[in-house]
Amino acid sequence: MNRVTQYYPILPVLLAYAILFIVGQTVSGTWQLVATLLFYCAMGQAFNIFLGMTGYVDFGYVAFMGMGTYGMALAITRLAHLPGLGAVVIVIGFGLALLMATLLSLAVGAVALRLRGAYFAIATIGVNEGFRFLIEGARIWNGAEGMIFTAQLVNIVGSERASRLMTYWADVMVLAIAVLAAAVTLFYMRNRVGYALTALREDEDAAKVMGINVTKYKIIAFITSACFAGLVGAASWALKTPYVFPPEVFEIHYTVEAIIIVMLGGAGTLLGPIVGGLIYGISKYYLSIFLPGLQLLVFAPIIIVIIVMFPEGVVGVLKNRTRNTALGRFII
Amino acid sequence: MLLKLDNVTKRFGGLVAVDHVSLEIERGQFVGIAGPNGSGKTTLFNCISGVYFPEEGQIVFDDIDITRMPPYKRAPLGIGRTFQIPRPFSSATVRENVAVGAMFGTMSGQISVQESLKMADHTIELVGLQAHRDKAAGSLTPVEKKMTEIARALAMKPKLLLMDEAMAGMHPNDIDEMVAFIKRIARQEKIAIVAMVEHIMRALVNMAEKVIVLHQGAKLVDAPTQEALADPRVIEVYLGHPKET
Amino acid sequence: MLNVKRVESGYGSMQVLWQPSIQVKKGSITSLLGPNGVGKSTLLNTIFGSIEPWGGEVYYEEENVTRVPTHKKVEMGIALVPEGKHLFSNMTVYENLSMGAYLKRALAHKEESLELVYTLFPRLKERTQQLAGSMSGGEQQMVTIARALMTRPRLIMLDEPSQGLAPKLVREVFETIQKMKEEIGLTILLIEQNAEASLEAADFVYVMHEGIIKAQGTPDQIKGSAEIREAFLGI
Amino acid sequence: MNLRVFKRLMLIVAAVGFVLIGCQKPESKAPEKKAETAAEKTAAAPDKPAAGLDKILIGHPACLSGKYAKAGEQAVGGIKAALDWVNNTYGGVTLGGRKVPLEYIYYDCESAKEAVTSLIGRLAMSDKVHVVFSPYSSGLTLRGAPVTEANKILYMDHGGASNAIFRQGFKYIVQTIGPATSYHQGTLNMIKATDPAAKKVALAYEDSEFAKMVMEGAREHARKLGFEIVFERTYPKGVTDLTPLLSALKASNPDFILGGGHFEDGQLFNRQMADLGIDTKALSLIAAATLPAFYEALTNMAEGVMGPSHWEYGVKYSEREAKKVGLQWIGPSQDEFVALFKKAVGKEMIPDYHAAEAAAQVLAYTLAVEKANSVEVDPVRAALGDLTFMSFYGGWDVDDTGMQVGHTMVDVQWQNGERVIVWPPEAQTGKPVYPMPTFAEKAQGKKAIAGM
Amino acid sequence: MVVEQMAGNLIQGLVLGAVYGMATMGLSLIFGVLKVVNVGHGAFIMVGAFIALLLFNTLGINPVLAVPLAFLFGLGLGLLFYYSVMQRLIKAPELATLLATFSLGLLLQEVVKLLFGSEYRGYNWAVGKIDLGITVLPMSKLYACAGSALIAVLLYLWFNKTRAGSAMRSVVEDSEGARVCGVNVGAAYALSFSLGIGLTVASGVLLTMFIPVGINPYMGGHYTLKAFVIAVLGGLASPYGAFFGGLVFGLLENGSYTLFALIPGVEPFALTRFFSFLMLLIILLIRPTGLLSEKRT
């Protein structure tokens, strides 16, 4: 395998996103659906870098998306009155989103990554909820009232462009984030980080005596994952829907959705989050259209059956089946 | 002197698992560590590879004091290890498994992925696993897993290889093969090998230059193999003398 | 009493037992010798049912019990003293012993059994209220054996009862095993590394190596034979 | 083993296949529709009546499951009931001299924002609806707004009460529900008029965007009327025990209490006041006290408790009332509406204000289309801006931003197990009971019955 | 004034804490034996609340009597879920069990919603109250508190004095040891799971005796999070630890309100929540086995 062929698996990823993009562009009425699917894929892609590659379950993951949302929201609300900044504010917003997600992930990592298993999961739930109530209780960033800032966004980029941003460019940004997350995932997989993470996921103690600094690599994965989550929050929440309410951006439900997406597709695989995101998003969409009000009733048993029957997920199974075939070079 | 333990003691609560053990291992030497279950062999191994830090004493490897060095820093110095029940990274291929050893465990420490894979291929050939190179390690037979683990350790280019019950769980027919192989590799790569065994088996006798016998955490005998086997204390530990108190 | 025919078993995909067969006669002490890691414990656990057999059969009192669940086997009078004690450390000695008399048949004779184990192990009687986890290794081993006796077994399988014990205690354990056979009339299957002691105690001996039975015979036949020396010392 | 894996794989493939097939069907339909409506579009130019249009489509990403399921179910029922009336009693919307029926397309947004945009996208582009009704809550309403704006579709808001929605510069959003800041004005007016001696008011609201806006409005109005605010605190969403807050509130010894947020905390508020024996002359809770389930859950403890409501069964809005104030009247009478609602939901369920405001919105849209004689967004939006009318729901009028200003809220009080409208005087179905009985008296079975 | 309020709040907190503790015992029991975190915990509490509501409102059955009925119902539900789902996941990675229990909870919520709708409901079981001067306690709360304490004691006795209980305890201590004593370990797993669910469902009834309103299919979520904190306070694997954890939590939650309320410009209620999660993190860092757990050798 040479330097080029080892990056072949990015091709099906790019193909999947390209098809999604083209469908959204050409088939009328599907762009917003595609946007939602992209959101699920991006969220899965970002989460997979930590959950899939290390095997640690972070139940407070949504907090990083919340941080990203706040980062963008703060940039827009605090800088809207400055003249001449224009779209630079958005760039600053992304920067702030990254910064805040990184800071939170460092704090959480320092505390929670010492724990394993159920204790880690519960600790991360604690961080998420605790942080939300700190924001509400101490009235940080407007407390529970949150911020509504469509008007400021219009102020900054103009009303036509703001509208285009909210309904189109924000989704394209999510697409870019998803592709970037996939690329980083593959890059990690092909480099020391990926090898180290595979080793520590499979057997943390054995990995240690192989010379792997497990803490360092866990934190690398954690921060990378958090950064992408922050970007997803900034684009898909703060820009697509210019408001932020703490109970919504810390809603634990999103963490669960991310876990389901990763599990459905196959934890630790490159293509998994896309497949998982598509299956999850599309089936939810059509269930909500054909069986309005009953979709969760249908969905819950499906999840249970899948967990019991296919613990490796769709791509996991596919990967094992196609290993050492021509197709297998593209699927990881 | 490659490895030197000086009065190493490790306690768990009130239990003294390793009791003031001192020993020395030369470069390229093949040493057997024997002792019944619970005699402290595994704990001693864990102190050398860094899973535990001893309460007392000092461990010097290659003139570096490693007593309180975290395990991931010891590996690149040249300490490799295999486990009693093989613990390969099951979802990764054999090649990836071995490459991990080269990537993180070698002395230079910063070997690129490509180079590691090349080294892995070389090591895989050495241990004769070519046919299984791209299989997931989890799907191998126990012997193949064991070999994968050994290859992974060898790829670390260790100066010292700690082998934990290398032969346990193997079919008798495979053992001779394995013994011959380890012997050849050790000589070829100039690796000091410390093999931990419950009992001084034929396999060990054929290989080891010296044997260290542990009993209840303390060193009982440290002598060339034949001498150690003839030692009455060893026979007592293994066969026991109920009349003696 | 116990007839094990060509069983196969292991962990995950690793086969440990390669069809060993053994027989245990009623009222005898049968000893299974061999270095650690050769599958002795696996054999006991397979007989008992903690590990599922992959193949072969186990007969107990002429009945095929290969796939009978463990709690039924205990009810039928098979007891196991597992390696590594497996005591209930946060329970008192008395509670541990009571757990031995968990099944109905044993519960009906709890007082009798208690009296019996207190005569066998007088030290336990003094320490009924002590937490099992706080006792010394030798005492813990006593509790484990006593707890097994509380199940009122007819066949008792002991997995390295002398492991990690001082020589003096080892002797005590073997004395107890003798007593169990002679005074209570138990059938005993014993795993030991301590060859000398178990050769002295046993009526019949199997030597196990790498998952198969390498040699078998009376202690006299085995003692000093080439097989056992090879198995233990490689010479 | 391998066979099993293979079978599983096939199962997954089959499942994915199904999903994709399901995906295919509606999509392949879309282009046809597109062509169809493109033709309509030219036909439906402002001054030329839409000759080819055979139905007017209302789209709605309803909250039928998730946390707003209750409000969503009510809204869907209300819309269906109003549709029934427009199509069958009213004969359809008069457009270009023809009577065109309304059609209602709704999907379940699961009370989740991701679904809101994708479903509005579908409604706007595939289903080509002429108007989108917002989902419940201010957040979800805001989430949908950019999409409807970008597609230039009218967005009618019957579920998002936040005033902030209308400060964002959206062009096509029009509100039917009243803005949050006006919720407690009526209560304060009533107390001012009934009991000039009452001075001390305690405010205790949920810590959420909506409830805080209500509190802001209440605080301002209270100051204006000269009340003294002796206690002002919030509690977080999803609270399960209010005891600590109520103990502190009790210590401030207020004459009356205004508060609430959502339904669950309102019930809890009243219940724990009873448990702690906190008696005041009046208690008014937003969003909870006016719903039948409130009394069902609390029984006698709810006697005398008040709540502001957009609409209540029993309001006196009628054709005659409309004439009196010189407003156009449209829609079913209140009793007709209740009957239509029950028919629509298919069970014995009393409509609440969620249903009424959604229904009123259908009526507003009907009138606006007739007035504009078009379904094009700009003329209809302009018509809505000028429109004032009265229905069983009450008055309807919006300001330039689209915010509702013509609808006055009523104050309801539980009297002898019935909801009695006690304020404003012109809508009264009974006199207020003031002060309300103490909890001790209520525990003895005393009811709040207006004495003469 | 503040002191009086504080005292009143603490009394209320203690009473509530007992119910919280009881509502967490099932979670701890299941984790202790199966090492599974029941993420759907709150949904089972909700089922209990509905049982209390329906029995009271339709048949007029006193909630005190509903407790054992709910317990039995929970046992059945637990057995059903154990043998249909959990048994297959005992050795599966954490992720699978977390997701499975979450989905079971989701399923319950949706089924209850389908059957009874998503209305917020309540019932009114009037049995008087006592005025302590500094605060007022309705008798129903006291019954709930007493009931919780009683159940905790019964569970303790069951664990320590009965055969089945001691079998369960032995499985928690050492499942291999239990096996050689003749304990049917598989059955013990099933029993502990269903017992945990039974306790949780029963605690739902007790919670409605404390707060008889706001009963709704989605009410459980808040209790799940609280139960996690309480379980960690008491040592994740110990049911009695959970009970005392509940008492501590109730005191902290109510006590800290009075203190936070003294700080100007903040929302004290939200801060009490923050405080409890902060506690959780601190405990996890310092002593993951719980504040009250004995040190194990």
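When the chains are written out, they are named A, B, C, D and E in that same order, and each has its own residue count from 1.
Definition applied: a residue touches a chain if its C-beta (ideal position, glycine included) is under 8 Å from a C-beta of that chain, and two chains touch if they have at least 3 such contacts.
It should be emphasised that the depicted structure is a prediction, and the values quoted were computed from it without experimental measurement.
Chemist: Please report the minimal path length, in steps, between chain A and chain D on the chain touch graph.
Modeler: 1
Chemist: Show which chains lie in contact with chain D and also with chain E.
Modeler: A
Chemist: For chain B versus chain C, what separation do you get between their C-alpha means, in angstrom?
Modeler: Centre-to-centre distance between chain B and chain C: 31 Å.
Chemist: Compute the distance, rounded to whole Å, between the mean C-alpha positions of chain C and chain E.
Modeler: 43
Chemist: Which integer distance in Å separates the CA centroid of chain C from that of chain D?
Modeler: Using C-alpha averages as centres, the distance is 75 Å.
Chemist: In angstrom, rounded to a whole number, how far apart do the mean CA points of chain B and chain E lie?
Modeler: 49
Chemist: Which residues does chain E have that touch at least 2 chains other than itself?
Modeler: In chain E, residues 110, 267-270, 272-273, 297 touch at least two other chains, as defined above.
Chemist: Of all residues in chain A, which are in touch with two or more distinct other chains?
Modeler: Touching at least two other chains: 133, 136-137, 143-144, 294, 296, 320.
Chemist: What parts of chain B, by residue number, touch at least two of the other chains?
Modeler: Where chain B is concerned, no single residue meets two or more other chains.
Chemist: Give every residue of chain E touching chain D within the complex, in rising order.
Modeler: 1, 5, 8-9, 12, 16, 110, 113, 117-124, 126, 129, 131, 135-138, 141, 211-216, 218-219, 221-223, 226, 253-254, 257-258, 261, 267-270, 272-273
Chemist: What residues of chain C sit close enough to touch chain E in their complex?
Modeler: 48, 50, 69-71, 74-75, 79-82, 85-91, 95, 98-100, 102-103, 106-107, 133-134, 147-148, 150-151
Chemist: Which of the residues in chain E come into contact with chain A in the complex?
Modeler: 31, 35, 37, 85, 88-89, 92-96, 98-100, 102-104, 106-107, 109-111, 114, 225, 228-229, 231-232, 236, 260, 265-274, 277-278, 280-281, 284-285, 288
Chemist: Can you tell me which positions in chain B touch chain A when the two form their complex?
Modeler: 49-51, 70-76, 79, 81, 83, 87-92, 96, 99-101, 103-106, 109, 113-114, 116-117, 134-136, 152, 156
Chemist: Under the stated contact criterion, what part of chain E meets chain C in this complex?
Modeler: For chain E paired with chain C, touching residues are 163, 166-167, 169-170, 173-174, 176-186, 294, 296-297.
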